[in-house]
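Chain nomenclature is as follows: A, B, C and D, assigned in order of appearance, with residue numbering initiated at 1 for each chain independently.
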Amino acid sequence: MDKVKQSFEEIVKQIPDGASIAVGGFGLSGIPEKLILALVKQGTKDLTIYSNNCGVDDWGLGLLLKEKQIKKIVASYVGENKTFEQQFLNGEIEVELTPQGTLAERLRAGGSGIPAFYTAAGAGTPIAEGKEVRNFDGTDYLLEQGIIADFAFVKGYQADRYGNIVYRHTAQNFNPLCAMAGKVTIAEVEEIVELGTLAPDAIHTPAVFVQHVLKGTDYEKRIEKRTVRSKGGEA
Amino acid sequence: MDKVKQSFEEIVKQIPDGASIAVGGFGLSGIPEKLILALVKQGTKDLTIYSNNCGVDDWGLGLLLKEKQIKKIVASYVGENKTFEQQFLNGEIEVELTPQGTLAERLRAGGSGIPAFYTAAGAGTPIAEGKEVRNFDGTDYLLEQGIIADFAFVKGYQADRYGNIVYRHTAQNFNPLCAMAGKVTIAEVEEIVELGTLAPDAIHTPAVFVQHVLKGTDYEKRIEKRTVRSKGGEA
Amino acid sequence: MAAREVIVQRAVKEVQDGMNINLGIGMPTLVADALPEGVDVLLQSENGMLGIGPYPVEGTEDADLINAGKETITAAKGASYFDSATSFSMIRGGHIDLAILGGMEVSERGDLANWMIPGKMVKGMGGAMDLVVGAKRVIVIMEHVNKHGESKVKKTCTLPLTGQQVISRLITDLAVFDFTPEGMVLIELLDGHTLEEVTEKTEASFQNGLNKGEAKSRF
Amino acid sequence: MAAREVIVQRAVKEVQDGMNINLGIGMPTLVADALPEGVDVLLQSENGMLGIGPYPVEGTEDADLINAGKETITAAKGASYFDSATSFSMIRGGHIDLAILGGMEVSERGDLANWMIPGKMVKGMGGAMDLVVGAKRVIVIMEHVNKHGESKVKKTCTLPLTGQQVISRLITDLAVFDFTPEGMVLIELLDGHTLEEVTEKTEASFQNGLNKGEAKSRF
C-alpha cells in the first residue's frame, strides 16, 4: 500500500470543472500551497470550495479567485481578500457564510456519515434564514448539514506511505476535518517518513482518510500578521 | 492552576445518589479502576451509567452492579456480565442499548454543544422504536440525542497538573469522549508529569475538559481474552 | 474441509490489496490469519485502531492493546490509535472498504440479524449496526443451516434486525449470493455442493446467476 | 486614560485564576497583555489551540503557530493543539469559562451585533456566533458611543445579530451593565463618569443597580 505520488500536476488531472473541494488551512497557515498552485495552473473552473477563509489577493485560494475559477465558496471569514470583494459585488461568485464552528462540524459530520446535526450557533441571526429551527430544552438550534466534498486538499507536516499524517502546531486547524470530508483526499506534506516512524498514539489523520500523498518543496508558509515582541520586552 | 488531587475517597464525595456518570473504557481496557472502587466503597446509589460495557462480574463496573448501585445503564454491549443478566431479568436495572458508534457520538455531541444528530445506525431495527426517523437523500436516519453526564470518570496514561491527558494505545477508546461529556470530569492516570513534558501536538484530551486529576497506583489492568501466538509460531 | 474453513477460505478472496477492513468478532476474525503473504491491508478495530497485527507472542500481551473482541493483539507497522468517535467516523462515513461480519439470519432482501435472540439474555449490538450502514461493502459469512438443519437464509428474518437491506454479499459453506436491485442472486457453489442442495436448504427465493458471470452488487 | 485602556483595565478584573478564556480579535486581545503576573489562565484560540503564550521574540515567528486573529504567537507551557472541530467542541460545549468579545451594538435584551454592516462588504462571522452561544460567560467590551456620538447600547440592535440574549456583562468606557432576567442593570460607573452622563449616552433602558451590590447575571 503506497499512496505516495510524485507530480502535483498529474494528481490534479482527476479534478474536473465543477468539482467541489474541501481545502484545509486557517488564514494562510497550514494551506495546501502546492495543490492550489497546480489547480491554478490547470485552470479548472466552476469550483465549489469549502474553506474557512479564501486566502489573500496573491496567495492561497486568492489565486483561484483571481483566475475566476471559483463559482461558490462556503467559508466563515473572507475579509482578507479584495479580489473576493470585487467578484462578490459583481455577482461573479456565490458565498455561503457559515459560523466557523458550524463549518468545522459540518466537515467532520459529512466525513462521519452524519447527514445533519443541530447547533445553537446562528439561531436568531440572519444566517438562520431558510434553516430548520428546533427547540431543545428551551434553546433554539439550527439544523446544519454535513459536507461531503468530491475532493479534499490538506497540508500536513509529515506522512508515511500509508497516508498517516501529523500536522504541526496550529497548522492542524481544518486539515483533519477536510481529510474526513473528501471522497478523494489528497495530502501534501513537508516530509515523507518511513512507515513505522510516526508514533501510532500521535497520528492526527489516520491513513483511512487519505488517498494520495505528495511531498512539497520550498514551502512559502506566508505570515499574514507578523506580531512580535522585542527581545526581552513586551509586544 | 493545579488540578491534581490526592485522595480517591475524597474526590468521589461530591458524587450524590442519583448522579449520572460517563465512564471511559472498552471491555476492561482503559477503565477508571480506582474511581470505580472508590465509588463502590462509598456506596453511592441509583446511578445512571453511560459506558460501552458494564465490566465483568468481579471487576470494573461489574462491582457497582453487584452492590446494586446502578439504576440505569446506557451501553452497546453488556454480554460479559452474569450479574447484569440476573438484575435485568429481575427488573432491578434499566438498560438502554445503543449502537457503539451512536454512543461514542452521543457523548462527543453532548460535550460539544450538539443536542442531537442523525445517524443511519439502527434504522429499521428494534432500537428505532420511539425515535424520530428522517430521510436524507433516500436513506433513513434516526435522531439521536447528545449525552451530558453529571460526572465523567476517565483513565489516562499520563497527565500534567493542568489536566492535559494522553492515553496509551487502545486504552484511549471512549475516554476522551467521556471527558468531553462530563460536567465534572475526574481523570485517574498512571503518571503525573511536569507541566510542559507532554508534547502539545500529541495531547488527546486538552486540559479544558478535565476538572480533577489523580494518580492511581498498582493498576491491575485485567485482560479479558488473552490471545497469544507461540514464539515464532501462529496464534 | 470443515464448514467454517470453507467459508473463511472463500471470504479471504474478497480481500484486495490496499483495503481498509473491519472483521467482526468470531469467524470473521479468522480471515485475518488466512490472508496470503504480501497482501497489504489495514485492519480496523471499532474500539479505536487501524492496523491490527498478529496476536502477541506469549508473555508480551498488553492490557492496553486489544481488538473489538477484547482479545490481546499487536500493532502492525503504520498503525494508529484514536478515540471511538473517530473510529466510527471511519465506519459510518464510508471509509472502511469492507466489513466481514457473522450472521444469525439473512433475508433475501439483504437484511441481517446477528445481535439478539428474543427470550435470551440481551447482550447488545456493539458496533454491528454502525458497520452495516457504514462500510462500503458488507459481506456476511455464516453456515447455511442451523444445528437443527433449518435454513438461516430466509425470506424474511425472524430475529430482530441489525440492519435493513445492508448486505452486499453472503458467503455460506454451500454457496455465495449477491444482493442486487433485482433480488438475491446465487453466484457460486462451494466445495462440490449442488444447485439442488442449495435450493433445498435455502428458504429465501434467489435467482440462479451461476452462468451469468458475476452478479452486480447493489452496493 | 484613553477609552480603550479604561475598558481593558476593567475587563481584566473579570479574569480569575484557573479560567479557560477566549479573547476576541482586536481590543479583547489586549486583555492578555494586561493580565497581572501570576494569574494562571489558559487562553484558547478558535483555530485549535489552548494555552496561547506571548508574541514571539522577533526572528522566531512561526507560520505554523498563529492565533484566531492570524497573528504570530507562542505556546505557553502546558499548551495543546487540536483540530478546529475539537476547538469548537470546547466553545459550543460550554467548556470555555469566559469569552471577551468586541461589539458594534448591544441591545438591552443582551443581543450582540458585531459581524456585519449592511451595504458594506460582507467579511463573515468567523467564530463569533459559536462563542456567544457556547461560552459559559460572554462579556462584551466596546466604546459606549460611536464616532458620531451615537449610543451603541441600544433598545434593539439595528445591525444584523451575532446572537440573541447571549451577553452576560457589557463593559464600556463609561459603565458596566449586567443582563438579568429583570433586564439590563447598571452595576458600575467607570473612570469618574456619572449616572446622568451614562443615562444620556445610553439608548437602552436599564435599571440602576449601583447601590444594590452586584447584579445577578442571567447566565
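One rule holds for everything that comes next: a contact is a pair of C-beta atoms (placed from the backbone, for glycine too) under 8 Å apart; a residue touches a chain by one contact, two chains touch by 3 or more.
By chain, with names taken from UniProt: A, B = Succinyl-CoA:3-ketoacid-CoA transferase; C, D = Probable succinyl-CoA:3-ketoacid coenzyme A transferase subunit B.
Keep in mind that what you see is a predicted model, and the values were worked out from it rather than measured.
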{"item": "B-C or B-D, whichever has more C-beta pairs in contact", "value": "B-C"}
{"item": "Chain centre separation (chain B, chain C; CA means) in Å", "value": "28"}
{"item": "Where chain A and chain B are represented by their mean Cα positions, the distance between them in whole Å", "value": "32"}
{"item": "Chain centre separation in whole Å, for chain D relative to chain B (CA means)", "value": "35"}
{"item": "Cα-centroid distance, chain C relative to chain D, in whole angstrom", "value": "54"}
{"item": "Per-residue overlap in chain C, given as positions that touch at least 2 other chains", "value": "75, 81-82, 88, 91-92, 133-134"}
{"item": "Of all residues in chain B, the ones touching two or more other chains", "value": "105, 108, 112-114, 119-120, 167-169, 172, 200-201, 204"}
{"item": "Contact graph of the chains (line, ring, star, complete, other)", "value": "other"}
{"item": "In contact (per the touch rule at the top): chain pairs", "value": "A-B, A-C, A-D, B-C, B-D"}
{"item": "Chain B to chain A touching residues, read off their complex", "value": "105, 109, 112-120, 136-137, 139, 141, 166-169, 172, 199-202, 204"}
{"item": "In the complex with chain A, residue positions of chain D that touch it", "value": "33, 45-49, 54-67, 69-73, 75, 81-85, 87-88, 91-92, 111, 116, 121-130, 133-134, 160-165"}
{"item": "Residues of chain B that touch chain C when the two form their complex", "value": "26-30, 52, 75-80, 85, 88-89, 95, 97, 99-102, 104-105, 107-108, 119-127, 157, 167-177, 204, 221-232, 234-235"}
{"item": "Contact footprint of chain C on chain A as seen in their complex", "value": "1, 108, 110-114, 160-162, 164, 180, 195-196, 198, 200-201, 203, 206-209"}
{"item": "Residue ranges of chain D in contact with chain B within the complex", "value": "17-18, 20, 40-42, 44, 50-51, 75, 77-82, 86, 88-96, 133-134"}
